[in-house]
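Presented sequentially are two complexes of subunit A, the first with subunit B as partner and the second with subunit C.
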Partner chain A sequence: MSLPLLEVDDLHVTFNTASGPVHAVDGVSFTMESGDSLGVVGESGSGKSVTARALLRLFAITDDVRIAGSVRFDGVDLLRIDERKLRDVRGGQIGMIFQDPLTSLNPLMAVGEQIAESLRLHRGMGRSEAAAEAVELLGRVGIADPERRATELPNSFSGGMRQRVMISLAIACRPRLLIADEPTTALDVTVQAEILLLLDELRRSEQMALMLITHDFGVVAATCEDVQVMYAGRLVEKASMVHLFDRANHPYTEGLLRLVPRFEDAHTGRLHPIAGQPPITGGGGSSCAFAPRCSHAFDRCRSEVPPEVAVGPQHLSACWLAAERAKDATEAGRPWKRDP
Partner chain B sequence: MTTTTTAASSPRLLRWMLLRRLRDGVVVLLLVVTVIFFLAHVVGNPALVFAPVDATDEHIAELHRQFGLDRPVLVRYFEYLGGLIQLDFGESTWQQRPAIDAVVEALPSTIILTVVGLAAAAAAGVIPGVVAGARARKPFDKASNLASVTALSVPNFWLGLLLILLFGVQLGWLPTSGRFETASIVLPAATLGIVHGGRIFQLVRSATFEEMSKPYVTVARSKGLTEWSILRRHVLRNTGVTTATIVGWEYVRMWGGAVFAIEYVFAWPGIGLLTIDAAHRQDFFVLQAAVIIAGAFVIFSNLLIDLGYQFIDRRIAAS
Partner chain C sequence: MSAAAARAVLEVSDAVVEFDTDGGRITAVDGVSLQLSTGETLGLVGESGCGKSTLARAILQLVPMQQGSVRLEDTDLGSLSPRELRRMRHRIQMVFQDPRGSLDPRMSVTALIGEPLRVHGIGDRASRAREVAEAMELVGLPALVADRLPSELSGGQQQRVGIARAIVTDPAVLVCDEPVSALDVSIQAQIINVLDELRDTLNLAMLFIAHDLSVVRHLSDRVAVMYLGQFVETGTASEVFTEPRHPYTQGLITSVPRADTESAARLQTARRLVLGELPSLLDPPSGCRYRTRCPYATDRCADVEPPPDLLDGHHAVRCHHHRAITAGEHQPSSKSMRG
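Here is the complex of A and B:
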């Protein structure tokens, strides 16, 4: 069996802050193959961005952060290679797109130059070759008159156009994995759909894997084949998108899905569809973090962390209900059985 | 950095802003001069200071007449203003020559001292400020921050005296008083450099730190750039104008304060020393002329900085 492209194993990220440690990511494991499209969904503060940043160790110099576990990319643990090798991976092997296109670009550097910078760094291109390739890339992401636009500063681009620039920048060096952290949250609906379409097209044509982070199931449904749901620093459910839509197992996922608005309305903001707020210090407890908000919670939920159990083909859920049901079913010789 | 200057987007608006600033400057100077004039002429009596200790009453009255002090204050005030309009700053009672001559003679010394002092301050503040801001909360940041806070909180004259004690008296390396040789400038300029460098450091550090926290820097990092390239290619480009403005403002601040105390401590024959001496001798026309010239210099530099900022800002916006 060939090595998976990305293999995250038991990832923990802890920030030491003035008000104590924050376990932003608390034992996350998943794998991705080349060409996969994986959506990561969860409410604000569930640790999606921190997970993504941890893959490339992209933290601010002032962050007092501890990362544990392993992130094997092409078999190499990115958490254990030196800064120089990591820089080759950043932008070269793994590209990243961020939420706010208005602040993602250097306001005083021509957009073409910002793209060319990457090309010269990772693809060893000369100045003029890189400039020409940057124009080519801008054209590929749907920017009209790319030759002229390449020389302009970001402030002459609209939000959607800047996100296109950002995408062309992230894919400039043909990365094998593209991480998009809420790439459309700051954009309006029609533009949102266009950007998602572009990402999907590029994933297919460039044969990249795509990890799409969002708090919005509509976005995942439009773009991803697989999905994982995150809550308080842990993955609570993983499945294929189609499967999850009609067979969500985890009470948290069910809650999220119940409140999915029609796609047209999906951009309107960060929903808190379920009563209560997620814990602010992330995970790290010895219970199901969702218990305070879960209408199904029982004693065991408050004293033990629920294990990930298979509830269907390629479908995992971290919930005591599922675990106990699976145990009963296994004893009865009928795994994955659902209640009638 | 956001400033109010963004409003002045058309040449006409810009001209209007300039005129308004000039008007404000003239009004401020006029107010200051008026206050000094009345304070001085009500409280002081230059004839008493000028006259020998054993002078007779007639002698002093004679001096009074000679200095024109026997006429009503208001009359003298308007006479003085009338003179100012014709650039006549009055006569020095002490030096027996036009007050403006004394000021013009002192001006170059102050300009040399402040320019060299500013260069020292910029060297001491800008580079460490950038490094500290880019590597915030690391040992260098903490150490340099401590040093700059110390430099800032020590009174400038006290620092000057300390340097005199150390390098002049104890080690005997450098001259400590007057302006008789090239090396004379080292200690006063160093004092200015330390005091103002401390402030420049603080401002540049926080500007750099703020810039380093912006999302585009994370993006640059995600492209695989080294911290050094990020700083050089991205951050400095964005903090450059701010840094130039910070240094410019510091020059203006120097004229408004430290240079007076420092010139006095080091007996540096510039406007600061002249002003303080003139105050001691109740040589009011020299005092006033010095304040007007120094004030005009400050206002002019302010305008220059703002114009430069505007110019760069608009070029950036236009490109």
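Here is the complex of A and C:
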């Protein structure tokens, strides 16, 4: 078998803060192949963004951060190449989109020029070739009248159009992996629908791998074949999207699925929030990080980190009750859909 | 007048709000009417900039209306002097999106919650302390946090303080403008439950604004869909959400990504129902406001503004063709189809 496109192995990210260390990412491993689509979900602070940023070592110079593990992209460990080589990868082989496109676009430069600059840098194009390709790219992401709009500054675009510009910039260098961190969270649902469809089409037509970070399972369902659930810096469950909705295994995943009102349900009584809050210091303990909030927790959960257990095809769950719960799920159907 | 109108605690008639902007005059709220009864929640949805917050602020008399009236418990708020209005204000209160930004960082939890009582001169010191303690209990704030400052509270606790402040004066109407959108998912669920319980225990009339349609559906008895300053469809939550008639409502609802296996296919449909970009309020389309994005638009849509068409019950739709569309007799025009 050939090498996977991305192979993340035992990734750890620790910030040294004034109030002590924060284990934002605590032993994350996963792989992605070309054309894969992977959704990453979890509550705020679970380590989704830090995981994505660690892949490209995208941290502020003021961050006192330690990264361990390996991130092999096309066989090369990105954590061990020098900054100059890594800069070629960022915005080249790996593209990125963030929630707020304004912070990632230069407000003083016409959008066409920004795209052209990236094309010259990463694809070695000449000035006029790059300018023409920039217009072409803006058209591809659904911007009407791209020749004219290429000459405009970012602030003359609406939120949704700006996110399209951001996507055209991210795909300009034909990345093999696109990381999108909450790309539609700030947008209206109608605009979100367009952006999600666009990402999906690009992934299919370019055989690009897509890693999409979101807190919305609906967004994952619309765009991703696989999903992984993060809690306190760890991956607690990984599965195909279809399998997860059918057979959520980890109590945390079950909690996440039950806590949001589902559009197709009319008012069905109160919602079921997960009691308590995620630990602010991230992971790093010698227990299941979810134990303090878990209604199924028993002694072992508080004294040993649960390993990832296979509970179905391509389905892993890091819970001491994983096997037992998998059996119950098979017998009882969708546990999280049942009312208590 | 219908029976519902007779019991209405809040009645907005033909509200118009205009703003002067750099580009010219815009009509942010364009002839909106609504009624709200005790114990009832009206959900308000629509794209960013369609006028939801402006309508809410006009109802609270925080922005002037160029036309129309707001009646609260049979008092026309527009006819009151500023002084009389201040005296009425404790009967209609608001919960804001950003809990932190709406709380004075130097005040303790009890001072913050007691503030509206002091401002309105309600009760004496002892009775106020009782009201504050009661409000804290209603929104689920432990007595433990009574003396804390906003910065010492979690996001969810901050929003509970915001809600406690709003209900402590015993209002008849609660206006919630995106009360959960700044919160993380699990805290959202807690706050939604708080609002749900309060509505029942205090028999509040609630206007609930949110961009998350699942949340609106969960909380609302009735729903109004707003587009460029107008209500394009109103009805019970189940009428609007399960039998949407207006092409815009249909597009909006189909756009909601649901956690199921049909999700991607549904978005393809959504794309065919909402075309292109939101027009500018500086240059709103003639006739039907939605026609520039509507796949069903005809010449008539450009020439004539569709009046609200009342179906059975309270379901009203502002579209010339919705009956024909529902009967399958009016197809999308092919030139507007993409892809």
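As a convention for this text, the second predicted complex is superposed on the first by the 307 of 340 C-alpha atoms of A that agree within 3 Å, B and C clash if a C-alpha of one lies under 4 Å from a C-alpha of the other, contacts with A are read in each partner's own complex, and residues count from 1 in each chain.
Note that in this section a residue touches a chain if its C-beta (ideal position, glycine included) is under 8 Å from a C-beta of that chain, and two chains touch if they have at least 3 such contacts.
Predicted, not measured: the structure shown is a model, and the values here were computed from it.
Put subunit B and subunit C next to each other and count what each touches on subunit A; the higher total goes to C. When both complexes are overlaid on chain A, the residue A:Ala221 reaches subunit C alone and has no touch with subunit B. Contacts of A:Ser44 after superposition on the shared chain: subunit C is touched, whereas subunit B is not. After overlaying the two complexes on the shared chain, residue contacts for A:Leu79 are found with neither subunit B nor subunit C. Applying the stated contact rule after C-alpha superposition, one finds that A:Leu197 touches subunit C and leaves subunit B untouched.
Of the two partner chains, neither subunit B nor subunit C is touched by A:Met125.
Of all the residues in subunit B, the ones that touch subunit A in their complex are 134-138, 212-216, 218-227, 233-234, 237-238, 316, 319.
Residue ranges on subunit A touching subunit B, taken from their complex, read 56, 58, 60-62, 87-92, 95-96, 98, 100, 103-109, 117-118, 121-122, 153, 166, 169-170. Against subunit C, in their complex, subunit A makes its touches with residues 43-45, 144, 158-161, 188-194, 196-197, 200, 215-223, 242, 245, 255-257, 259-267, 270-274, 277. Those residues of subunit C that touch subunit A in the complex are listed here as 47-48, 154, 184-190, 192-193, 196-197, 211, 213-215, 217-219, 237-238, 241, 251-261, 263-264, 266-268, 270-271, 274, 276-278.
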